[in-house]
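The next part holds the structures, each set out as structure tokens.
Two complexes follow with chain A in common, the first pairing it with chain B and the second with chain C.
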Partner chain A sequence: MKFVKPKDVENLLKNLEEDKGKKYFLAGGTDLNVQIKNGIIRDANIIYINHLTELSGISEENNIILIGATTSIMDILDSDLIKRHLPYFQRSLESFASPLLQNTATIGGNIANGSPTADVIPLLLVLNAKVELSSKSQCRLVYIKDFFTGYKQNVMKSNEIITHIIIDKNAEKDFLTFYEKVGSRRTLTISKVTLAGMKKVSGNRISQIRLAVGSLSEFPRRLFKVEDYITDKTLTEIDFSKVENLLGKEITPITDLRSDKEYRYHVCVNLIRTFLNQ
Partner chain B sequence: MGMHLGFLFPSWGLGTRYRKSVVKEKKMKINFILNENEVSIDVDPMKRLLDILREDFGLTGTKEGCGEGECGACTILLDGKPVTSCILNAIHADGKEIYTVEGIAEKHIGKLLIDCFDETNAVQCGFCFPGFLVSSYYYLKTDGEKNLDKIKKALSGNICRCTGYQKIFESVMMACVRKS
Partner chain C sequence: MKQVRKFDARPKLDGSWKFLDDYSYKDMIYGGLFYSTVHHGIIRKITFPVEFNLTEFTIVFAKDIPGKNIVPEPECDQPFMADKEVFHFGQVIMGVAHPSKEILKKFIKQIKVEYEELPAIVDVKECLENEKNAFGKEIIIDHRRNVKPEKGWIRTHSVYYTTHQEQAYLEPQGMIAIYKPEDRIMFVRGTMQCPFFVKDGVEAIMGNTIKEAIIETSEGIGGAFGGKEDFPSLLAGITALLAYKSGKPVKVVLDRADDIQITTKRHPSRVEIETYTNPKTRKIRKLKIDYRLDAGAYQTLSPVVLARGVLHSIGGYAVEDVYIRGRLFRSNTPSNGAFRGFGAPQAFFAIESHIDKIASHMKINPYEFRKANILKFGDEFPTTQKITENHLYDCLERVIVKSDYHKKLKEFSKFNKTLKDKKGIGISIGYHGGGYTGSGEKLLNSEVKITIDKEGFVNIFVANVDMGQGAHTTLAQMVNETLEHPLEKTIVQLPNTKKTPNSGPTVASRTIYIIGNLLRKLSKKIKDELKFENLERFIKENQDKFPKEYRMHFTPDPSAVFDDKTYQGVAYKDYSWAACVTEIYYHADIYQIELKKIWNVLDIGNIVNPKIAEGQVEGANIQAMGYALSEFFYKKGYGRIQGFTDYAIPTTFDIPEIDIEFIHTDSTTAKGLGEIPMDYPAPAIRNAFYNATGIFIDEIPLTPERILKTMNKLPQTNTDDTQT
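Let's look at the complex of A and B:
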């Protein structure tokens, strides 16, 4: 039972090396505090990171955009750099909870918490973003598609922390994009189904497509099988019952009370159809 | 306008729900600016910011509704931005500037808003009012355009179970006009 406020990132990483036990990082606290309230987290070791200026802010470097882990959703919405290079990413985040939450919730927290409903993750998946994981001795980049290993499980080691999210500056260039949350309430939609999509079309044919879903599986994920099936087809060549079938093969469904699996698959396929029709 | 300040200051019947902190850690010194006064407090760094304001500083205008970030009753300004204090911790205040509804009620725009809410009869039980006041204040300070869509968006984190929102939006529209 410990609370630590490291003075800088170097200190933080040193601390992680020395203390390998289970710990939580406190960034915006929007997930952590709800989990504490509901008794999901007890007796936790907590490391505060929200004051570490090295971990927050948006910058560019050659052909990439670097987003610090403790950058808030609002900072992403307000960023001119993001507006210039990643307008789809920015626009889509407007539906994140409410302004009150956007001001505190961080991008790193959204990823690390890894909820099946996390809104940022499907977007990062279609944008082929990378997560920078740092420890005292090294810094490694993991594609977001390879980050999760199970329900709220990921590849992060006990001596690591997410330091940045990295997105190619031209990740959105020449793509047609799609983002839709089908949920029950207007603002605070903890979504039932989220679909993020990017496609390129040549003539009638879909020459390239990326699809990612939230709320359907134990963690948000790309639909590689569906993508393969759709690629190089024209709209009329696509059999949507086949798409639904592939969807079932691709993902391990989560069961919770929000709505049943078949319904969600159906919504998801309809969202894919809407996107392809655009 | 008399009745409204009454909504801001009394402590509500809810009482303060005692919440055990997960971290039984020694206290920490937290310094911040609260309604324009420098304050300093020795406290469990994980204590909820909402509880610090209500219990340690007696600022009971900030309410607890859901306690999970969903209703906005606990809205305060943290470094100028509206946030839900029920899911923030003491440590989040360290070195920051905070305005609670009590501080905002003293400001020119705060008073203007209270008058508009009053004249429009936008307040029924009043529980949501402090939160709406903080979010509306932020909107008037940073934008202030008489634009219903923008106002709805700015207030979208605040829930009112009594009024159906129309009068609240009207009040803020009215304040936008009067301010300019």
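Let's look at the complex of A and C:
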């Protein structure tokens, strides 16, 4: 295990070209340090990035909000810019881990760690956020819905790093929103089920809906099939058994020490129903 | 009664107060424990990793023990270290020490043991359902009075379960041992509740190789809750052996993961209750209880937990015909041990749940039903001990008024008719016998000492520790208020088995009740003897009389006799009484109970320090809330919890509104308080859930998963129940 501290982003990107091996970026360290301590991460290089100020901070550019990868959750909670444009995103993040961890944990880290229970990702999914991936030679944007490929797997190449998270300024405009993180207590809890939802209603018809879940599959994901079925229907037109049926095809809840698959499934169904009825 | 700030509050905040890991000694090395990772098996082969230089390590096995390989306990059946066979996961096989903490950790991690695995019982229900697992000895309280159930009487029969609970003290277990060969003294400093138990433990393992073990606590003890009652004896024993063999001071501080996995927990229970109730008089006429505890692999102090459990199992009710049977069961899990409440929380969960069930069968209000059966002056416990006051009844009446119980009951019933989410309100009552059970205090024969020096300092010497509960501040107050001496000149000395007399362990809600009242008595004697107006002035004017030392033994009330064989007589001289109401909000979407408010009304006699007393109630209520709602230590098929990640103790954000009122505070006796507020809240929460949903769940914790499972098994229940 080698510990590397690049002097700036340019230096970092150059190092990434040369270092082809397994590596982890250390920012807030709230997950990584635990994994190192428990021996889950052993022979990889650890690249420290929390001192790179270019990767941190919240800014606006035309119609978008840019959040640096190493911006802490607390910084997002404190940001006036976020408050102005993305109040639902900000409000929902209050249930992120605990105040202590919010001070340290970073948005980029929550994405890169890619836990099925990650608190930020369901929100970014319904907000249609993009992840900016940078390497020495290029910079590309990937929709968060396309970012994950499997359990803790993603599309990042060995020479890339997450530099920004990009959210449209109008992402929440005219939407009714929903967010519920279900854990064994109010704070400092790992989610058993998370549902993030955004919908637009015209008349009594749901003209647009986005639903994203956490802790119900290998990585947090959008419920596209359920969304397709609901879109353009009125509440009375929705056959809820059909919703349950489709949901069963999109999520794969498990039983573990923390919770049961039946519980996770039923709670997800209940929350979707509650959101639709809101 | 005086509001005095805890004297350790400031140094704990500024960091100057020393906890065990803050102590260091010259040439000190670090020790660790290597323990079994199978539940039951015979040790076939131990292999040490080759890349280490074995000569740098000090290693001790069972065979290296010069004294006895048995930890002194009420039941002496647990070895310090396993020899050939391990009986539970986490059983210590060897102690290891090395000058480097990091090398020690790596080395222990890589030690390999081959076991021949044997059948093991790890599941709580598998242990408690099978009577073949019983340890043999049992406790019977026989108060049968030949009552024959009549036609029309209501029979109610149920089995109630509770699970393990982790003490979750802030500071993990730790010991430092220093051997002084010149005078053959083994000095041990540690985080513990019972210095004299630890002394017995160290002297047992070291045998004749040492002349004496001297035990001193660290300055600060970061919580215990019973978890530092008996495990420290085992840890101190092995640490002492490492110090003896290495010739160097050895420090062992358990890593949190190890601490959680190998130390004692609250006993899981199975309590079966059968009652016959006369619906006309609303009186329970006949009651039978089968009280079982999962003791773990060894009995250790479990017989004492069992004793308190059965003695509290009838709850606060007067029943003519009673038969109680208590047994300990064996499993292949670490021995369960002391935890705030000590058998009583299990007992009250069962009986208080059962009372609501009978009330429901009889279609009457649970408060009315309690009122009809509650212990009153002239009634007796199944031990034939007479009730001499109506204080339990007073607590119940007061809490019903304070909580606006009747009004809420109506409001919630209306709310619940129209909405998916539900509101509920529940009651429980309880009590806790102060001090050791039965003849225990007589046998302990506790002694306290006070010295007064020329400079005007009053020094208090007791073996009871301040583990954060504020005991030393309260004890100092009990002395300084009697002597009318400045508090800053009244000092409680650090417990040390050579310097402080044996005033017994810091357990059983006895520190203020037994030791505090004894110190008051001694202070009164000092005052009467010296006949001073002002002690400080008296010392200045009579310097030749000082320093002076006073001692006093605890003298039990000769009229309070208990027969430890027949369980007849006075089990506890004084009881603290309490009643509680809880209000919950049930979130239907996520099957989750939220505790909104809890009202406590307690009679603990005279209050010494109101803030500290309230703190005890608040802390215990929150611990009980975790016990009732979220904390579980084991899940079938998924094993035992390995750390705090999945062990959900409530955090600040979860804490409900807590209302506390003490009544009958004009008493001259300060009674026990440490445990009672842990004893009763869990069933009140469970009863509130029934009130909200019409569903009885007879097992805690009431996790959302358990609630969903129960609902799925039920036919559609009518929540418009008959309680009015």
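Annotations
Quick note on the criterion: the second predicted complex is superposed on the first by the 274 of 278 C-alpha atoms of A that agree within 3 Å, B and C clash if a C-alpha of one lies under 4 Å from a C-alpha of the other, contacts with A are read in each partner's own complex, and residues count from 1 in each chain.
Keep in mind that, in the parts below, a contact is a pair of C-beta atoms (placed from the backbone, for glycine too) under 8 Å apart; a residue touches a chain by one contact, two chains touch by 3 or more.
The structure presented is a predicted model; accordingly, all values stated were derived computationally and were not measured.
Contacts of A:Lys5 after superposition on the shared chain: chain B is touched, whereas chain C is not.
Of the two partner chains, chain C is the only one that A:Val182 touches; chain B does not reach it. Shared-chain residue A:Ser98: touches chain B and chain C both. Of the two partner chains, chain C is the only one touched by A:Asn270; chain B is not. In the superposition on chain A, A:Arg42 contacts chain B only, with no contact to chain C. In the superposition on chain A, A:Asn15 contacts neither chain B nor chain C. After overlaying the two complexes on the shared chain, residue contacts for A:Asp260 are found with chain C alone; chain B is out of touch. In the superposed three-chain model, the partner touching more residues of chain A is B, compared with the other of chain B and chain C. Contact with chain B, but none with chain C, is seen for A:Asn50 once the two complexes are overlaid on the shared chain.
In the superposition on chain A, A:Met74 makes contact with chain B only, not with chain C.
When both complexes are aligned on chain A by C-alpha atoms, chain A residues 98, 186-188 touch chain B in the first and chain C in the second.
The touching residues of chain A, when paired with chain B in their complex, are 1-3, 5, 26, 29-30, 33-34, 36-37, 41-44, 46, 48, 50-51, 74, 97-101, 103-104, 186-188. Against chain A, in their complex, chain C makes its touches with residues 588-592, 630, 635, 638-639, 641, 645-646, 648, 650-654, 703-705, 708-709, 712.
Here chain B touches chain A in the complex through residues 19, 22-25, 28, 45-46, 48, 67-70, 72, 75, 78, 81-84, 86-89, 91-92, 94-95, 135, 153-154, 156-158, going by the rule given at the top. Those residues of chain A whose C-beta lies close enough to touch chain C in the complex are 98, 180, 182, 184-190, 193, 255-260, 262-263, 266-267, 270-271, 274.
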